[in-house]
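Presented below are the structures under discussion, each in the form of structure tokens.
In what follows, chain A forms one complex with chain B and a second complex with chain C.
What follows is the complex of A and B.
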């Protein structure tokens, strides 16, 4: 393996000290006197016609500056299907949907006024699950889907493209995978299992709730500050929706206080724009309360999945048939891309010749869904990986051996029929072999500690290709300081994943200089930074990294050109290191960057070179459109893989359990920042275990979400976590910066499946729903006659 | 009703005009621009607004500003180069940083109040805060490293540094 100076080292985050001293200004920390505050009135029904919205009493509250209702802006917006009213004006489709907003001097005044608005509701029959939505006589969430516009824009193709809602149904989209011949596959199988899995919607609950500031200047310029992962798409959406020149829309993104996919959707910003417009362009702030962030803003998707798997007697997988009913909620938005991506990687990292999958994004009267870390894989893996264990059990095979036997290899094809090789596919076999050691697999999967307590291990394997649309890219600009230090300007957004620091490492590595001499701006401003596709899909380091590396090459070229004139040495005999350009064969012939970065002046007044500005751009090659029926196409550059295990201690008497140990072995290509990578994976594992064991909305029979606070929506707290162990296999990818693979999401993907496999073994029942609460385990055991 | 009050924050006297209903968090953030304490839930559930009152952690979203009169308040802005801040940096105990102020205030008070804190005491204290980015293992390592360092310092003879 190639040795690097800076790459791979655990370089501390550039913004570390700002973060531990309370000095980082997140969006809500910037406060300007004179800013008006916006509060939303949200629906108390999940499905209802709305009649008169009476604002008379609200207007009487001193300090109220404007009130906007849906009727004032009867617009439909959306980044996939344009099906979502800015503010509901005809009917409401989920509990918590915005209906009106009050703009007032303070948040407290706005809240007071909102409570005085009266809305006439005429309740409708509620679609309260994706299964209900799929029934023939189900009420329609959207009456006339065929009349909606579908965003046909070039940069929203890929998982956001080829969308086909089915008129007269609640199907927002159907994505198929057809590989091989499913009937033949099952005919060749000796053992067939068919199981159903499900979980309800849940939420990201980033600790920073979503927030947007908007101001409209006299020139018509729209200044947006937002906590978002996609400033450029936001700019385009605002520009198109309100017919404003894109050049007049400026989006600023400060450091973001966590997202996990939550902040990919554009929701508050157009509302804040309208609010600002209502008060003559004054600056307004729209900030979610925790309750609004959980229910009004987009959520993590729910799923009802049928998994049918066929296998030969000796344990070779032959066929898999998958039917997914995703709970996309009331609006298509980014639920559709998630459900498409779920289909593309549906099998997990296994060789299966015959694959049939239909992944349906269902409209329901639930909050609408958006990206969530894992983007469809975590969800699907829960069903598929549980079924793998059920199959192995039926065959009497060790689940780890069974996975090894069917592990996907170079030379196989993906469900989307991409030929796999050592570069575009991580090494899942090696991951599994290392996992076996780390979790002491061969000491036994189930160990009885006492009459009551049993210790069990469960495993899972997952994979993920990042699925950006074709043609996405990034840009980077490098400027120099007079002392030869470098500043990076690019639009990758820092949400805690450490991208900014990794980019400085890349520059330092290539320039052979100290990483402390490389600086990067934390805030992103669409007016200043070159366009970058959204910070998502574990693709940011890949896109920005490639752009930054090209910018470094460009800067080096310029530095050498100037140095060649001064040193009178041909360009190809020059090299750079330690902020100098020097002659390779005699390094004492050199010139400091500080003397040439702004051009060089000879004593006689002649000049050599000009200011050095490194410019790099990158566009991801080779990604194609995906066929909606067969799924054929190239969805991304490479599949990262991860093998994971969870060990639990289960109490057979009261069905409680303790998470003991969780292990991940990931093929992440070259590791760019060791501690950064390790803690990314550990954090994602924790989020996966939290989701699997605690999280999930409860709805009442009218579709109202009952779990809108951390008191009722439980997440993992300190002390509940197991011991985490993370190892990497470094199997580099061609075309990626230093051969790195995406990593930000991989830690979460197999956790629900692994813990469910572990607990199923411990409780001696098959657990097929999330979250895996003691109550749910008890009920399942009760049904199976395991407890009385 | 509006009230003028004086608060003792980070060893300084601060005067603010507040509503009786304003929480300490509102006043810190909106009147005094001490924005290190964050709004995460405004319901006492997440701990991102944690500050110290007379050395003990309180959720500033759950305390009225008027109730803070006479208390010695410490916010993250009042910590300078403390062992806990160093430990959080070195052990990678944060990612996005949003919950970090609250966690550090809590942990800082913990090691002061319980220099011999056991795992159980650590859990009792730290489970009042929520972090969604890290795995908590990093936070545990950070706090443990400070406890260990303190114990080491106590054992060293006083005349040597």
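What follows is the complex of A and C.
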């Protein structure tokens, strides 16, 4: 293993001290005198025609500057299917959908006025689950999907493209996988199991709720400040929707206070643009309350999954047939790419020759969905990994041995028929073998502590390829300070994942200088930074890292060229380190960066070199379009793999449980920042356990979400977490910065399945729904006759 | 954030407070008494509470009393926070109920009086007060009244318009009696209860009060009677007590009716075992 000076070290995040001392400023912390405030009026029905929207009383509140209703802007927007009205007109399709907005001097005035708007609703039959949506006689959430436009960027068949809504149904898109011959696969199987799994939509619950400021200058320039993961897509969307030159739209993104996929969707910004326009371009702020952030803004997708698996008597998996009905909610938006990606990696990291999968993105009268950490894999793994355990159990095999036996290997192909090798596939076997030691697997999967208390362990294996559409890339610019220090300019957004710090480590490593001499701006500004595809898909370090490394090479070339003239040494005999250029064979012949970074002038006035500006750009090669029916294609550069375990202590009388230990062994490729990697995985594990054991919306029978506050929507509290153990193996990836693999999402993916496997063993019933509340476990046991 | 403005008053005596209320009420200000203020914030931002004037009772000395002398009465001011009541250890029966409400940050703000007068159905601080036959001291324009908890707290605190809770008084003998308290939640450590059950052993009999099971907290003599019937097995006593639940058991996002009863059954068993005389 190659040793590095800075890479792999636990360098503190550049923003750490500001964060822990409460000094970091998020958008809503900035207050500017003269800013007007916007408040949304949201729907109290999940599905209804809207009649008259009476704003008479609202206008009477002193301080109200403007009121905008859906009829004022009958526009349809969306980054996949353009199906979503800016503000609902005609009808509302989910509880919490924006209908109108008030712009006023203060937020309090705007809220007061919003409460005085009267809306006439004519309730419609509600589509309250993806299964209901799939029925032949189901009401249609969208009557005429065939008339909707598809976003022009989504017209290819990558993860975000090739979208085909099915007219006369609630199907927004269908993505297939056809590998081998499914009938033959089952024919070769001695044992077949078929199970159904489900969970409802839930929320990301980032601490910073979504917020956007928009101002339209007299020059026509649109200045946006937003908490978002995708400034460039936002710029394009605003430009196209409102017919403004893209060069006039400037998006600023400061540090973002957590996202987990929530802020990939562009929602508040076009609304704030319209609000600003309504008040003559004055700066307006639109910020979500927690309730709005949970229900009005996009959510984490729900799923109803049917899993059928076939296996030989000696434990070799033959076939898997998967049918997914995803609860994408009222609008397609990014639910479509999530449901497509779910199909691409649908088997998990196993060798299965015969794969059939149909992944349907269903319209329902629920809040609409967007990316969520794991991007379809967490969801699918819950069903597939539970079924793996059910199958192992039926065969009388150890679930860990069973997984080892079927672990995918170089030479196999993915469900999308990509040939796997040591570089593009992490080593799941090695992960499993380490996991076995760390969780003391061989001491027993089930240990009775007392008559009532039992301790059990459950495991799972998952994998994920980042799935950017073809043609995505990043750019980076390096400038120098007069003392030779370096500034990085790139549009990777810091959402807590630590990318910015890792980029400074890469520059320091490559320049052989101190990481404290490398600086990076936290804010991203689309006017200044080179374009970067969204900060998503665990691809940011990969994309910007490659761009930054190329920029370093470019800067080194320039530095050496200048130094060669001054030192009178050929370029190829020069090296850089410690902010100096020196001659390899006699390092005392050197010149400091500080003397040359802005160019060098000889006493006679001759110039050697000019200012050094490093420039680097990168585009991921090799990604292809994906066939919508067979799924054939290359969806991304590499599969990261992870094996995970959860140990619980279950009370057989009360049906309550404690999380004792959770372990992850992930293939990091190469670790870039040890503590950073460890805490990324640990945080994701916690999120996965919280999602699996507590979260999930509850709806009433009219589709109204009942859990829109933290007092009803519960996430895991600090102190309730188990002991976390995170370990890495390192199998470098070709073409990735220092060989690193994506890690931002991997910690979450197997957690729901692992904890469900553990609890199923403890409770002696098969748990196939989330969240795994004590009441759900009790009811399942009651039905199975396990308790009375 | 509250989107409406209101006047804020902080009187320093009971008389001043009740007179202020009377005047503001006549002026159409819809005044409300405020103590910790958490519920006004909670419900106000949802438009479920509206006022143009709040009267903060935290400045009234009688509302801040925390007193107990040998062999006498425990007096606790209504404006003390749940944290203060718990930390004082003046009445463990009450303190242990208080410390199970909300989280620490909330308890530093929520007051005893505020919890007892809450619009939210749980009002868990009343459980020990029901068990100990406490006395409530309330003030109104007509003067101060002292009433038995059983008279003034029926499902909720029954104050006349313009009245506020000043103190509660509990006989000092309850400081040392054995009791059992358990709060069962859906899955979190911080949440409203599925049920909160408190049981007190007085001489050889058990008193029982429960919150979260029905739409209001209660003490049930009928259930107590069944539980104290030592002629039959413990399971039978619990079965019979469950038949005596005084109102419909609620079903909501925290748990179904059936599950609440399941949880109640186990918790009653634990309570009876803990308070002695019974083996599991």
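Operating definition for what follows: the second predicted complex is superposed on the first by the 784 of 788 C-alpha atoms of A that agree within 3 Å, B and C clash if a C-alpha of one lies under 4 Å from a C-alpha of the other, contacts with A are read in each partner's own complex, and residues count from 1 in each chain.
One rule holds in what follows: a contact is a pair of C-beta atoms (placed from the backbone, for glycine too) under 8 Å apart; a residue touches a chain by one contact, two chains touch by 3 or more.
Quick caveat, the model's predicted, so the values are computed rather than measured.
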Three-chain arrangement built on chain A, chain B and chain C clash or fit: fit
Partner chain(s) touched by A:719 [first = chain B, second = chain C, both, neither]: both
Chain B versus chain C as contact partner of A:616, first or second or both or neither: neither
A:8 touches, of chain B and chain C: first, second, both or neither? neither
Which of chain B and chain C A:469 touches, first, second, both or neither: neither
Partner chain(s) touched by A:530 [first = chain B, second = chain C, both, neither]: neither
First, second, both or neither for A:426, with chain B first and chain C second: neither
Chain B versus chain C as contact partner of A:711, first or second or both or neither: both
Partner chain(s) touched by A:654 [first = chain B, second = chain C, both, neither]: second
First (chain B), second (chain C), both or neither touched by A:302: neither
Spatial angle chain C-chain A-chain B, Cα centroids [nearest 10 degrees]: 40
Of chain C and chain B, partner touching more chain A residues: B
Chain C versus chain B - closest C-alpha approach in the superposed model, Å: 5
Chain B and chain C footprints on chain A, overlapping residues: 108, 289, 711, 716-717, 719-720
Interface residues, chain B side, partner chain A - complex: 19, 21, 29-30, 33-43, 45-46, 48, 75-77, 79, 85, 88-90, 92, 94-101, 104, 122-123, 126-127, 129-140
Touch list for chain C against partner chain A, complex: 1-5, 45, 47, 186-192, 253, 255-256, 259, 262-263, 266
Residue ranges of chain A in contact with chain B within the complex: 10, 12-13, 15-26, 28-29, 31, 108, 204-209, 255-260, 289-290, 495-498, 675-676, 679-680, 682-683, 685-687, 709-711, 715-721, 723-724
Partner chain C, residues of chain A touching it in the complex: 107-109, 111-112, 115, 289, 653-654, 656, 693-694, 698, 706-707, 711-712, 714, 716-717, 719-720, 771, 773-775, 778-779
